[in-house]
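Dropping a structure here in structure tokens format, bear with me for questions.
Going by the order they are written in, the chains are A, B, C and D; count residues from 1 in each one.
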Amino acid sequence: MNLAVIFQAIINGISIGFVYSIVALGLTLIWGTMRIINFAHGDFLMMGMYATFWIFMLIKIDPLLSCLLIVMPVSFGAGLLYYRVILKHILKREVITQILATFGVGIILQSIAMFFWKPDYRIIRGNILSGTFRFVGISIGIPQFVTSIICIIAMLALFYFLNRTKTGLAIRATTLNKEAAALVGINIENIYYLVVGIGISLVGLAGNLLTNYYYVFPNVGMSFALFAYVIIVLGGLGSVKGALAGGLILGIVTSLTGAFLNPAFKYIAVFLVYLMVVVIKPEGLGGR
Amino acid sequence: MHFSNFQNNKTMKKFILFLIVILIIIFPTIITQPYILHIMIMVFIYAILGGAWNILSGYAGQVSLGNAMFFGLGAYASSVLWLFYNINPWIGMIIGGLFAVAFGIFLGMPVFRLRRQYLAIATIAASQIIMTIFLNWEYVKGASGLALPLMPNSLKHMTFLYGKNGFYFISLAILIFFTFVVFVITKTKLGYYFRTIKEEEDSARSIGINTTQYKLVAISITAFFSAIAGTVYAQYFLYIDPNMVFSLRVSFLIVLISAFGGTATIFGPILGACVLIPINEMARMFFGGAGRGIDLFSFGILILVVAIYRPAGLVSLFYGKEKLAIRENLPGKDGKVDGENENIES
Amino acid sequence: MERLMAKMKILKVSKLTKKFAGLVANNSIDLEVEKGIILGLIGPNGAGKTTLFNCISGVYSIDKGNIFFEDRDITNSSPDQVCKLGMTRTFQVVKSVENMSVLDYVMSGAFCRTWNTAKAKKIALDILNFVGFGLYERRDYLAKELTLLNKKALQIASTLATKPKILLLDEAMAGLTKNEQQNAIKLIIKIRDSGITLIVVEHVMEIIMTIADRVVVLNSGIKIADDTPEKVSKDPQVIRAYLGA
Amino acid sequence: MFLRKNTTLLTILLLSSLIISLATSISAQETVKVGVLHTLTGPNAPSGLHNVDGCLFAIDIINGEYPDLAIDLAQTAGLPNLNGAKIEPIVANSQGEPEFGAAEAERLITLSGVCAIQGAQLSGVTKTASIVAERYRTPFITACSTSPGLTERGFKYFFRTTPTDATFSENFMVFIKDLNKEKNANIKTIGYISANNEWGVGTGAAVVKAAERYGFSVVSNIKWPEGTADLDSEVLTLKRENPDILFAAILDADILLFTSTAKKLDYNPPVFAGFGGGFFTSIDRLAGDNEHYMTRDVFSLDLLDQIPLLNKVNQMYKESYNREFNGDSIRSFTAMMTLADAINRAGSTDKEAIRQALAETNIPADQLIVTWEGVKFDEKGQNMLGRGIVRQMLDGEYKTVWPFEVATAEIVFPMANWSEK
């Protein structure tokens, strides 16, 4: 087994791991703070991807630019809307009702995408981020690499925001204990608006980055979202570090099993790891 | 509490229920349209699945998003026994059920330490593992799936190639039997214990409930009936492959059906199946041909509306005034939460 | 006083020690409870009262020591086992039983001793009558529609429904108004007179003094006094503990 | 009161389905209803839509009058033997799920009263749907389900115009032999990739069998879970096992993902040949990267001397559906033509007669726009005269490169490296 292959496998694992992490990032924030699993998360990802795609196709703005300028702000707005119209009403409902509602939103988003853009696979060509660079027989896709970098930046930013800024601390206080937070005069309502906004804009960012090298398709969301859920529970609800750790573990495990055991079983490995972890440590690796 | 009112509401309900059952039983003699009977059979099968899910997740509150695994295990168990060992599907059905129960307990022992969403995701993981195993298992023909023999109608072998009445009545019988079982459960110790566990595990233990043990009981019932539905499904379609019976789509559909109809109620899942399955079929029938996803759209809108405006499920339309009165006292009834009260959680 | 004399010990705790990540919540505590008394368990906040409760009732596993219930070793057995044997407890913070009707919840307590629904219902109704606080009339309410007082009463009712020999009340009166407390006290006495032994945690001394036959005082995990209310209230150590707290 | 109101509400909800479906079942009988059952939503929708277009186009041609088009049924409006009755297609969506495929087949047959079904490009769906058709003794003709097992079930009412992947695999092996001979390519080892679904597995088995018979060794046979998010490890494995030729039975999503991954990891198989699927539908998304990809196919626009009709038909198709034929739409077209021909010969919409006519089908090559010697079913319902060709993507469009005697372009071997593309 030559070393380059192993390194390559690990690097692949890491780069896909970062993608999973950044997809999970927004989800873990919402889930951790509001205790709602957003089963439409993958479809917001899909919307982010379509947005990026069409911005590029119609008004020729490269994903790299549209990301901060358009996609994230827009998805922030979408997040606020999402909270106002849907989440607000199911906050105190049973888990099952929340699943029903968010899942419904997901289906609707998918059908909308299917209606307007047909179930065709679309990929961006000629964007800034493309190609690969190689050294000692190891290749790294440039878009993947940039994605990883931006992913790290986003996480650091979020981490700083949550731990150093007043609002961020308010969010964390809410995460830890709603009642107490409310008592010390934090407006939970606004916190929730903010959290969902940030969460969705993060998934928008993820979609934007993915569009650089991944195809866009109405049902594209699930293949990422499913693992986002696993990652979050693996890393611990609401934990940024957890999302990162979970993502990387997942990426590396899949990549190694795929490369050296059998691709057919790469996801089993993840789920097994996941089950073992939660059974031994129910609150997840980074959990409180 | 106006008891008199409550009483005649009850009797009225009983009467309506009675009527409906009669109607359903004589239904095939009135309407012989096979496609409609097919929809009915699907309704029955999914009603059983939803109801089974409802035991574990609705009553005992242990939300499972991987129930397709029991369904699939049942389908595969009986099919394998029938194909490779020539064991009658009826027996296979029971064996499959017991097999699913065994698996359920095996799974439950470790994962029932997890709470709420953690458990939900764990069940997804488990079902995905099972699916992958079956996808790559040569013995059960992997992804090519198992095709059951086409043979003349025989009740003995649970095969009704021609005509729908066979499966109509088999699935209906199972559904009625299962509903009866659920009814008994809700009226006895089990039901009360499940609900207490759902509410609060510490206080449940403090009043002498061995929560783990009763969760295992719950998952056993769930697994058993899901598996039975699986067998009927396999015998009905005469072909199963892993993507057909183990996929997340099935798991979620099961959840949607019960949640839509109303969890922790006897008739919720049935109602959910009665509405969702036909609606889904009709949507596909009228808009499906266009291939623009309008069929999915209508489906999504429907469940969204119910989730927000009827959080207790469609069945809550049938609650007597008293029960509704209680429901109406919930904070943010019918989703119309007013922002001010939002801030301080009760 | 006479209750203390020559009664069989229903509960024996010896050298019970419980640590949380190094810091000792209960330090080799000895405790003996005679049948049919009210034992007051007091101490300033953080004295380890609730921890002791959790250890005895099996919520926590203990690090050292033994617990005997009617001369049967119940060390580290689970809450439900303990409850089946006849010892049960209520929680300081009212645990959130919400969407269950009062009657149903008390019934599920009653099912601890029977499989028969009708019987369970009868037991439950009797208990609701016995407890009072208007629970019987509100038996069809959802638990979350009750007032705090009623919630606490409901908790006691459901535990009583399990037919306990000994009942552990954890700050049953915290957050109640003065005359609600009086009613609660009446209830506690009533339970005691129905032949159920009680261990009552309070940090409001006055209440304990009026009802307890014997008082045990904990301070920072250690038992600093164990005697009749009168004596305890004069104990300098206790006074220091409370002033210090 | 409250209760009654809602009961009515519910009854409406419930019974509406029955009423409406009954209403739809009552309709005029002068047209010949034919079911068209494909996947119109979900990950495999693109090929499904191509199929439907092919079908509908065939029906346009049959129903309309095109004297200058040398296809019998095009000459006259409608089906002559049924005194000009028009074919009325009823399109249904299987959502790519075997369960719904069966449901829709049931509906088409019993509710819409179709006299035959053309359908289901996904083999998994075809499996259940054709069982239903068999149940109702209704002819079921599949255009694109190439999984060999389908015609091994001893069904009486199941017909398949397209060659199976067993045939295509055979073709490919011969192709390799020729390649070794002509270009002394010296191909010994074979690799096969597919998603882990009915089609992928079935085809994989066929490839392995064919390879054995022709003495090639399959060094890598990789199946990945459907809807996988990355193929890095798969491509790495391929790099390691490095087969001389790589076959793929993959659909739209996977071909896009595989291409980008192979490009990223600089994996260059000497030959990359596909079993249709994504090589038909989503290939155009890969402009540039897809250069020198090959696929088995049943037609090629450059085969004018082989298929005189093709150019004109393709023009017409382009006008009405503004895209060119691909391997899916043209096979769907052919299947529908075959079915129409059978119905016409049967001279009635009686299913038994149609089945009989189908069994006796004998369409000469000059009536087809595909490269087959004709359409003639064996007792299993499989077209015996089907024949595959191999096309290669050269300067952005598919050219016929094999069989060499009909080739219109020189095959490029080995495939250009990513660095050169």
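Assume a residue touches a chain if its C-beta (ideal position, glycine included) is under 8 Å from a C-beta of that chain, and two chains touch if they have at least 3 such contacts.
This structure is a prediction, so every number in the text was calculated from the model and none was measured.
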{"item": "Fewest hops from chain A to chain D - one hop per pair of touching chains", "value": "1"}
{"item": "Third chains touching both chain B and chain A", "value": "D"}
{"item": "Chain pair with the higher count of C-beta pairs in contact (B-C, B-D)", "value": "B-D"}
{"item": "Chain whose mean Cα position lies farthest from chain D", "value": "C"}
{"item": "Centre distance in Å when chain A and chain C are each reduced to the mean of their C-alpha atoms", "value": "48"}
{"item": "Length of the line joining the C-alpha centres of chain B and chain D, rounded to whole Å", "value": "36"}
{"item": "Chain centre separation (chain B, chain C; CA means) in Å", "value": "42"}
{"item": "Chain C and chain D: spacing of chain centres that average the CA atoms, whole Å", "value": "74"}
{"item": "Sites on chain A at which at least two other chains make contact", "value": "114, 118-119, 222, 264, 267"}
{"item": "Residue numbers of chain D (touch at least two other chains)", "value": "40-41, 45, 49, 196, 223, 225"}
{"item": "Where chain B touches two or more other chains at once, by residue number", "value": "132, 135-136, 291, 293, 295-296"}
{"item": "Which chain pairs touch, all of them", "value": "A-B, A-D, B-C, B-D"}
{"item": "Contact footprint of chain A on chain D as seen in their complex", "value": "40-43, 45-46, 49, 196, 222-225, 227-230, 232-234, 236-237, 239-240, 252-253, 256-257, 260, 263-266, 282, 285-288"}
{"item": "Complex contact set, residues of chain B against chain A", "value": "57-58, 63, 65, 110-111, 113-118, 120-122, 124-126, 128-129, 132-133, 135-136, 248, 252, 255-256, 258-260, 263, 291-297, 299-304, 306-308, 311, 331-332, 335-337, 339, 342-345"}
{"item": "Interface residues, chain A side, partner chain B - complex", "value": "31, 35, 37, 86, 88-101, 103-108, 110-115, 118-119, 178-179, 182, 187-189, 218, 222, 226, 229-230, 233, 262, 264-265, 267-268, 271-272, 274-275, 278-279, 282-284"}
{"item": "Complex interface listing, chain B residues touching chain D", "value": "9, 12-13, 16, 31, 33-36, 38-39, 42, 132, 135-136, 142-145, 147, 150, 161-162, 237-239, 241, 243-244, 249, 271, 274-275, 278-279, 281-282, 284-285, 288-291, 293, 295-296, 314, 317-318, 320-321, 324"}
{"item": "Chain B to chain C touching residues, read off their complex", "value": "1, 187-189, 192-193, 195-196, 199-200, 202-211, 322, 326, 329, 346"}
